[in-house]
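These are the structures in question, set out in turn.
There are two complexes below, and they share chain A, which is joined by chain B in the first and by chain C in the second.
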Partner chain A sequence: MKSLKITTVLIILTMIGGFNVSAQKLTGKQIIEKVYNRPTGDDQSSNLTMTLINSQGKQRIRKLTQYLNDNGTVEKKIMFFTAPADVKGTSFMNWSYSNGKPDDQWIYLPALKKIKRISSDSKGDYFMGSDFTYDDLGDRHPDQDTHKLLREETVNGVKCYVVQSIPKDKDYMYSKTITWINKATFVGVKKEFYDEDGDLLKIMHVNSSKNISGIIVVTKITMQNKQKNHKTIMSLSNVKINSGIPDSKFTERMMMRGI
Partner chain B sequence: MSKLLTRFLKSPWVIIGVTLIVTVMFFFVMKDNSRMETNLDKYMPESNPAFIYSDKAEAIFGIKDGIIVAVENQDGIFNAETLDTLKQLTKALQKMKQINKDDVTSLYTADNIVGTDDGLDVKRFYKRVPKSKEKLDALRKNVLSNEMVYGRMVSKNEKVAIIIAEIGKDVFSQKFYYEILNLTKKYQTDKIKIHVAGRPIVEGEMALLGPKDMKKMVPIVILVIAVVLFLILRSFKSTLLTLGVVFFSTIWAFGLMALLKIPIYAVSTMIPVMLIAIGVAYSVHLYNHLQLFINENPEVTKKEAVVDMIKAMWSPVMMAAVTTAVGFISLLTSQVYPIKYFGLFTAFGVAVAWILSVTFIPAGIMVFGLPKRREIKDKNDENSFLYKIAAKVLKRKSLTIIITSVIVVLSVIGMQKIWINSSFLDKFEKDSDIVMTDKFINENFGGTTMLNLILDAGENPDAFKNPKLLSLTDEMQKKVVKDLKVVGNSFSLADFIDRMNKVMNADKEAFNKIPNSKDMIAQYLLLYEMSGDPENLNKVVNYDYTKLNVTFQLKSDNSKAINSALDILKTYKDDFKKYGVTMNYAGSGYKGLVFTDLILEGQVMSLILSLFIVIILLALMFKSFKAGLLGSVPIVITALISFGVMGFLNIPLNTTTALLSSIAIGIGIDYAVHFIEQYKNFAKETNRNMLLTAKKTMANSGRAIIYNAVVVIAGFLVLLFSVFPPNRELGALVSLNMFTSFAGTLTILLVLLSITKMYSKKNKK
Partner chain C sequence: MKKITILLIFSVLIITGNAQNADFSGYARNYTGVLYNTGDLSILQNTFNLDVSKTGEKIGFKVNPMLYHYWADSLDLRLREIYVDLYFKNFDIRVGKQQIVWGKADGVFITDVVSPLNLEEFLLPDFDEIRTGVSAVKLDYYIGNNTLEAIWIPQFTPAGMPKPGSIWYIQPEFPAPATFDWSKSEITPSLENSEFFAKYSVFTSAIDFEIMGGYTWDDYPTMHVQKEFAVNSATHQPYLAGLNITPEHHRLYLGGGSFSTEIKGFVLRGEAAYYNGKYFQTTDPAAVDALVQKDYLHYLAGLDFNVGNVKLSTQFIQEYILNYEDSITNNEFQNTMTFLARYDTPNDLLHFELFSYVGLTDGDALIRPKITYDFDDSFSILLGSNIFVGDRDGRFGQYQDNSMIYMKLKYSF
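And now, the complex of A and B:
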């Protein structure tokens, strides 16, 4: 459990006051840690609309209802497809462990009426055919990269830190990332991903965020693959934080039963 | 006209100066602005519906031609050394700046999706190279049980694994090819052999080898022509001036192309071929007349001789040039731009050759003097060899007609056997590296030639989630692969669904088929997107599931092979139509096929068109429709025999060989015009002594025709020693066409002139 209250107070204070958190200059690593440790709540439920747009401008729209619960050691997530109609009822469950154990994943296909465990050896897999990898969406631990504060600049009127992160693992799918972080809220504004050859691969933009129950939730985010000219927009609606989602929600039985 | 030309004789240096200046100007324009067009796509007419569709489909599915790098180890590939080579080579190719990382696939990059009792396992076959025997065995077992890889990425005998690197259209260059060869060479060891193949390599090699070989051969061709010309003309000056006409007309034609910013296409190399044959003809006719005139009138001055030459020859040379040029201009009806340009600039070159023949050559003679008078053994008398020939031909008219008829009938029979071939591989020597490598890969894998069938459901979203439609596709694929030996493999969305169905049902073989629920298919697809690489799906189905890309791998790129597959596919047309699905095709192999058809169609059309134009023009020029018809005889005979011989010798029609029939127009007209013109004149001169007319025509025009044919044939026979088979075919066919043009003119045309009693009576007027 993160010291939720204190941080929240701090964030609200900084937002109201607009003053710098501290006089001493933050290092790149400290900034990324602050982003990583930013409270996201113990649980969350929302409706997710995922729009995939290919280079010809064609779209695939998928709608899901998702539940998330983080007890500090396991982050559990369950998602139910609601559209398109032919995959309605398909559900997906992911348990992610903070001790580094590989994720557990299950899929339920209503047409097959069977739950299957999925084991995948790659964290770099793209999330449901989108331009986001699981890593892009989730928490990449700050210790996995070497961070450097490059500069500070203003993006769309928002003062930002610009931090470069280079992975310690040389075989990682990105050679570096550059993140623009809102100085006041420590919410990412924009992020560039560079491929193994050092070429710009993707750009992520945070389009909107909302303060829900004192927690800043990014509600719309766009990822653009510059090399493939492919784009994914994820938007959240009906977001509820800390509404007390029980552990029993994250079971195989629930996957089959549906929402 | 002859007055104007005679007036030019007063200032020969001006003519020579102007000619040289214009030539130098064109030469520099050509040197600075000429550009070879190597992108084969630029050759195709963009407005043709087949190409528009294919281009669109290529963009949607990312259909590209692939370079195939095969790693071979006779001890099998499942050992650390070979697997490491495969990995390193894959990574090295991914790092090349001309290649997109995602466009490189091999066993190293492939995902292995396996079903287990309670789930689904998505793993790379290997990331770190396995070393222990257990791990190597496990990898081998995985490969052998995965049809998406076994037989596709790894050969069934387990001795070869391939890496496919797809490249964009204008990526291939000599440098790039050498980079790849050097790269692969580094990984060769005693045990591991590496082979490079694939259509980009074949296309690229062909584009490079043809011109390279020509560069070597052309100087020899010109040398031989020069020597033979010298032997015939017996004059160094005359030989030089004749070659001047040929060179200058070629430089002007290419200079004008460069000036108009029109690139040089592969078929443009045929322009000099035409201009050599035609340009030499004009000069030889002039010199032949000149020589005979000086022989008969030993006392004439230089000027008198030249004036006589101009007076006698300007009209037939002009008639020949105008008809020939119009014949070539008829190629503008072709849909294919390189062919249009070929026709246009050859016509321009012909016009230049004509103008130079009647200005530059006379000017040259004025400046450098007459060629030496020489005793022609074969005098124009009754003992002359050519006189005898004329007499013999006319004595045995029926024999000539019978022989000609037999040859024509045989040619028509031969033409039935002719086939069109758009193959690139067939243009290489059977024992060349490129053909051997291709054969090697075809023996071990599905095939190096891709044919893409695009199933199109129009605006009906999710059409290809329909199980019936996918089952039909599956059935069609299996039938084509089963029925045709030349088709080694096929691949489509159906294969993905088959595999997913099997995997989700604990890998039971009974489930290796399309499930019969649309929702099930939709859910498998979603699952694949979530667990596999969605890029793989984008290559087989478009975003809204309205178009399917079915790939067939063929072991040959020749048109017979592609057509045999198309024939079976077309039997499914009605079945697919029931679902509102149309069949279309895409990919470079298919486009090559359509393209060759287009060229041929254009060539045949233009041959027929130019035949009509020639008949009309000749009829107008000789003021006789009969003369027009007779004048077309050498063209028809030359074209028929050319196609007939190709049919019998199994030489397929392709872009080069089809264009060669143009020689029939260029040379056939020339011979006919000169022959008929002289026949007409001699008829008047000899007071309608038709036998003497025939003899005299044979001794004058006939001699020039023989000379011209001998020079060009000798030159082009040199190409028989070329290392590039298409250039050999070119040499043989040019020689053949020259021979039949000349033989046809001197025999059947003469016989027909005699039978139809042309010019044997005084004209009405």
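And now, the complex of A and C:
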């Protein structure tokens, strides 16, 4: 059974290790590969709440219910937006492929009563106005970056590897990222994103996590844009793993019918 | 009495909704427009849209009344949709008044002909408001990711057209006094007069496509023109003394399809419909009722792509009358393009959009810039403009005097 490459950053940061390689011998790339290749189950459903907070402290709330399924070659994800009112009923579906084929994406807009295929060439777009880009929420393959173990340090009492990742694609939206990874669990703890000029752009912090069906799931995370003083808090609730979500959930029929 | 009826309907909706634990959503909106030329108000409209719906495991329903308040005291209540859904393992059935949308085109209606258009305000209403619901039975049968859809519409609904007095009404010009006979313009609901549509849609990673067909009525009435001649008593020459015009809807067969696929970040879309035996006006004196029947092709090719965080889209549309005769009053080819650019600022507070129709055949255009600011998750303000330019005989240029600026205040719940 192939591991589920769940496409939300909340899950990316939840991997449990279970590896026997001695920690001292690990390179930066090996650490990131362990993060990427974590076992996480076959499917997942959850409710996601995003709180967008601007520099004046003004809050906006986005809510959705999401379902994920991975058959080993195709990971399918469907999201149903439930709030705010003007986007309620909108659904978004993404199919991503383990062979590197570009994602397929569709959106259903209830006002138009139409499913539209949309370009997946928008990884740099911000997701629903949050501080997360689609790429931040995606499943970035370790081979896309050059990784270097910078040091080991303790963050809030947790011993961490600190790994720098520099993209091989010079046009990528970030010049580098630095990730703090729990040495015991290979779960991400914190991540810094640097812009094209090399300046710190965003910091992501894991705020809380839970053990669900034997898998640690991060249930609250904060992304702060240091340059614009925005931040987004993502919270997961009602998380279910391996509940047997059928493939028929990820169809045109369900996009139009809703949750 | 009308107020009591409206109150009664809303009360029933609310009671029903509570009883069934239904979802309530909708909006209240003010829409005010001002004409550039005169400074007169082009529209003053308040709208209350209520959407009551519930989707269960085996059954669902939706009731969507919309109350329009125009000017000082004109009220217009429309039931945009009211239907019941039945869900089975491999198929769904929807019965009731519903809006049905087909095709891949944006802002253009090619295979999207099941729900007729309400053109009382030309093409300006939002696309969810421009369609008229039809009372229909719709069956969707699912075969994996593919769907076979069959629709039966027992009662024909024509397209809504601007009425005399509206700024969108174009007074037709006749060479002689015209008399209208509306006796044949209505279609009696019956099995024989029903409309039937079918569509097979395929939904895959590589491509989405639809194949459709329909046995329908032309949404727009054909004008049967009979000329009356008289003899000039002075010159003893015959002259055209009058026109007897009989609007009548005719049967149409049409078939078509649409597709969309992504190629290296570009979404390519196409759509076409072929009409068999559509009526066109002709100046041929030998033609019966000044009409001629021709096959007609309406198709589109479109491209969607991103440049940075700006979403762009363009479409080329052609209408083509086959076996064309010079006496036909429509052009043999009618070419149009559309352009769309949209940008949403980070944090989703401001939304910029520019949508344009450009008439290539007539050299005219409708340009629609708009900016939306979201005060919060419920309340937004939209400032926009509808700018008509070009040839006054063109589809868009004819409304040059209706160029306007407008504002929409909207509270969603």
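The working rule: the second predicted complex is superposed on the first by the 235 of 259 C-alpha atoms of A that agree within 3 Å, B and C clash if a C-alpha of one lies under 4 Å from a C-alpha of the other, contacts with A are read in each partner's own complex, and residues count from 1 in each chain.
We adopt the following convention: contacts are C-beta pairs under 8 Å (C-beta built on N, C-alpha and C of every residue); 3 or more make two chains touch, one makes a residue touch a chain.
Values in this document were obtained by computation on a predicted structure and should not be read as measured data.
Student: Quick check on the chain A-based superposition: chain B and chain C, clash or fit?
Tutor: Result for chain B and chain C: clash.
Student: Please indicate which partner A:200 is in contact with in the superposed arrangement: first for chain B, second for chain C, both, or neither.
Tutor: neither
Student: After the superposition on A, what does A:104 contact: first (chain B), second (chain C), both or neither?
Tutor: second
Student: Is chain A touched at more residues by chain B or by chain C?
Tutor: C
Student: Check the residue A:113 against both partner chains and state whether it touches chain B (first), chain C (second), both, or neither.
Tutor: After superposing on A, A:113 lies in contact with chain C but is clear of chain B.
Student: Touching A:83 in the superposition: chain B (first), chain C (second), both, neither?
Tutor: In the superposed model, A:83 contacts chain C only, not chain B.
Student: Taking the superposition on A as described, I'd like to know which of chain B and chain C A:253 touches: first, second, both or neither.
Tutor: second
Student: By the touch definition at the top of the document, which applies to A:92: first (chain B), second (chain C), both, or neither?
Tutor: first
Student: Is A:56 touching anything from chain B or chain C once the two structures are fitted on A? First, second, both or neither.
Tutor: Touch partner of A:56: chain B, not chain C.
Student: Where on chain A do chain B and chain C both make contact?
Tutor: 54, 58, 60, 84, 86, 111-112, 114, 116-122, 125-126, 128-129, 228
Student: Given the complex with chain C, which residues does chain A contribute to the contact?
Tutor: It is residues 52, 54, 58, 60-61, 83-86, 88-89, 95, 97, 101-102, 104, 106, 111-122, 124-126, 128-129, 131, 228, 230, 251-253, 257-259 of chain A that touch chain C.
Student: Which of the residues in chain A end up touching chain B in this complex?
Tutor: Going by the criterion above, the answer is residues 54, 56, 58-60, 81, 84, 86-87, 90, 92, 107, 109-112, 114, 116-122, 125-129, 195-197, 227-228.
Student: Inside the complex, what are the residues of chain C that reach chain A?
Tutor: 25-27, 55, 60, 87, 92, 99-101, 103-104, 126-128, 140, 142, 145, 147, 201, 203, 205, 208, 260-262, 264-267, 304-306, 308-309, 311, 344, 346-349, 374, 376-378, 380, 410, 412-413
Student: So in the complex, which bits of chain B are touching chain A?
Tutor: 59-60, 95, 100-102, 116, 118-124, 127, 462, 465, 504, 515, 517-520, 522-524, 526-527, 529-531, 533-534, 538, 542-544
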